[in-house]
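What follows is a set of notes on a single structure, which appears directly below.
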């Protein structure tokens, strides 16, 4: 990976430590505009909901056919007919609307959601996303709505750790895992830094616990030489 | 972003630019947003392309917009009606362009735009004047023609009731093109008979979710 | 037109006079199966509704977005938000449903209507339909839902006079008016006879006031020689 | 033709032929017509292709149909779940075929079938394994892949309430695939919690008009 692909220019260190999942979720929540229509995918991204300002009027979409989804249902609120995309019982807020799957995905594919937040195995510096399949020969492939979300929302945010457990960076020159979408990710939130992505590569927005130069060096050290 | 509740129809159509493509709901007068069209006439935007099922009835609404000379082109399924004298006159005088699109293709091309689809293969109109020059192909033994998305800069629609977020419900056959046009335009303005508090509409019955609606005005 | 194109074989004369519009509408109503979903177009075909057996449960569709349309509205029933495809105020019957235009035409295009009845300028013996445009240079073209109905319904019936005012037959070897659809008409109800159409040409089902042989002769006499 | 009200689920699925393609509604267990699937197991049809969002949960419903060896192929968006052990075992043993389709493409391919459209150009999955071998084209500067209609011989769906004609309303997110599948199959069977007299459902709120429904059974 070359300096052209990750541009650290001027990125400030805004926290003195790498962020944990909740801190990252709070950071993403802060960046979602008031009144935005947002899909939070499945798993870690759903944490963002807990950090949204309830007065900001952010409206959550769930791809199984609902707008204005409320928090997880507890106790008597649990209704088997009301779940989120992760099949977890949820609640409805005033102003909710239900619709069928073709309408829900027309909404996604048609670019009507302002933001979606997804997890990822890998993201390329030009915004390619790999988050549905490890490529392992014995893995059972399963995509759900990931590909529709990746190419549909106006802004696609990824939240992930910057490094895999073995230390290799997950922000890569080129994804080695099977792709979910090409050039579709606009911003990546990681424990060590936030990156803006585009056709010309990545730009660091802010870092947590390292300087931008230290991070770039660590990413380059962990990235295998390009075979092209 | 959540819909803006406008004070009046003038605020609702403010900022419409010359040369815009405007989707106008309604089938005949049912669902036709006449007050919004009147405001568009006052607003003054010109050189418009209008997409609507018909090309104006009598002397009001869309017919008045045509009569005011603001429309360069009409895209519709059925311009010719017993009371479409304004359009008929402009057309015969060569003062307006016309693109006739089969009614279902008109609706589906707007749905296609709203659904992020690049185009669809339609069996409607194959072998007719209305699809001349369009690409055709055989799929599974049947002939189809390629139809492309139809988008608007602005949609003006008439609904029955809105909540303050912008969720809409319609009334009877006045529903017609409203829900489809709401998905297909950059800015969507809905006139309604009544605005209710958010939470007052049954979520099972919302036809146009607020995500599609930019401005709402009660008339 | 040749004998191969209109086959009169065995067609009985079932009325001793040409049928008027109401008699034709009654005939069509008789041929619509109980419980069928039916679209009656605009104009003359809508007369069929008045002859349907109310106990047969035939459901009327109107393309502007309704199933289970009732009779024309009168007096206090008139509601500007409830019209048929001809923009005439109508009523709703129990079991009605409203839907938007894309859904209404998906229903039509998708082959879900059992029968539609349309008027025509011309029909070819192989089922081509011309009913939207006279082709006159000064005519303003207007198609509405005619092309969608023509290619969408499971059975497309046409009702028309067999001869134009100038005596030329409207059932023709090849339409000279601009087409609405190709090979899409299954049956033609006329004042003089009912014809079944198909890829091999027309077959007379029954005649009114003439024998089949007389009719074929009259059609052939009125048809210009083919230019192919 | 107007829907038949069935005495029980066995009557509702009677006549299902071996080799059928069966669309099964539901997203997880919400809207999943388990009693109809149980009846299909009793009915005995085999060599089935199942189109559903998932590939069975736990040991009941679709999972039980798979376990009974009746399914040759599953077309779905998300087979792998924490409780999809029946499917996982069959798949790893090479005893079942799998076609993974992006969730929105799955829904839209069925809508396309129901809407009489020959195919559509989708931006979803372009450049990924799931569209390998499919025709692509650029339209207006964006890449699309051709997706074809997906039809069923039979659809089994779960709705909330039906009237005696077969009009359906759903409940909350259990609506999911039901309305789309109802348009895309030759025979559509709906299980509902309640059957009401015709005229008891508000015509503005009917989600699946009776024209799409062949058989209804209360469970």
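Going by the order they are written in, the chains are A, B, C and D; count residues from 1 in each one.
Just so it is clear, contacts are C-beta pairs under 8 Å (C-beta built on N, C-alpha and C of every residue); 3 or more make two chains touch, one makes a residue touch a chain.
As the structure is a computational prediction, the values presented were derived from the model and not from experiment.
Under the contact definition stated at the top, the chains bordering both chain A and chain D are B. Common neighbours of chain A and chain C under the contact rule above are B, D.
For the pairs A-B and B-C, the count of C-beta pairs in contact is higher at B-C.
Chain B and chain D have Cα centroids lying 33 Å from one another.
Averaged C-alpha coordinates give centres for chain C and chain D that are 35 Å from one another. Chain C has its Cα centroid 29 Å from the Cα centroid of chain B.
Within chain B, residues 108, 111, 115-117, 122-123, 170-172, 203-204 each touch two or more of the remaining chains. Shared contact sites, meaning residues of chain A that touch two or more other chains, fall at 66, 92, 98-99, 105-106, 108-109, 151-152. Of all possible chain pairs, the ones that touch are A-B, A-D, B-C, B-D, C-D.
The touching residues of chain C, counted against chain D in their complex, run 33-37, 57, 59, 61, 66-68, 92, 94-99, 105-114, 151-152.
Chain A meets chain D in the complex at residues 62-66, 79-83, 87, 92, 98-102, 104-106, 108-109, 133, 138, 140-148, 151-152, 178-182. On the side of chain B, the complex with chain C involves touching residues 27-31, 53, 77-81, 87-88, 91-92, 98, 100-108, 110-111, 122-130, 160, 170-180, 207.
Interface residues of chain B facing chain D in the complex, by the touch rule stated above, are 108, 112, 115-123, 137, 139-140, 142, 144, 148, 169-172, 202-205. Residue ranges of chain D in contact with chain C, taken from their complex: 1-2, 111, 113-117, 163, 165, 167, 183, 198-199, 201, 203-204, 206, 209-212.
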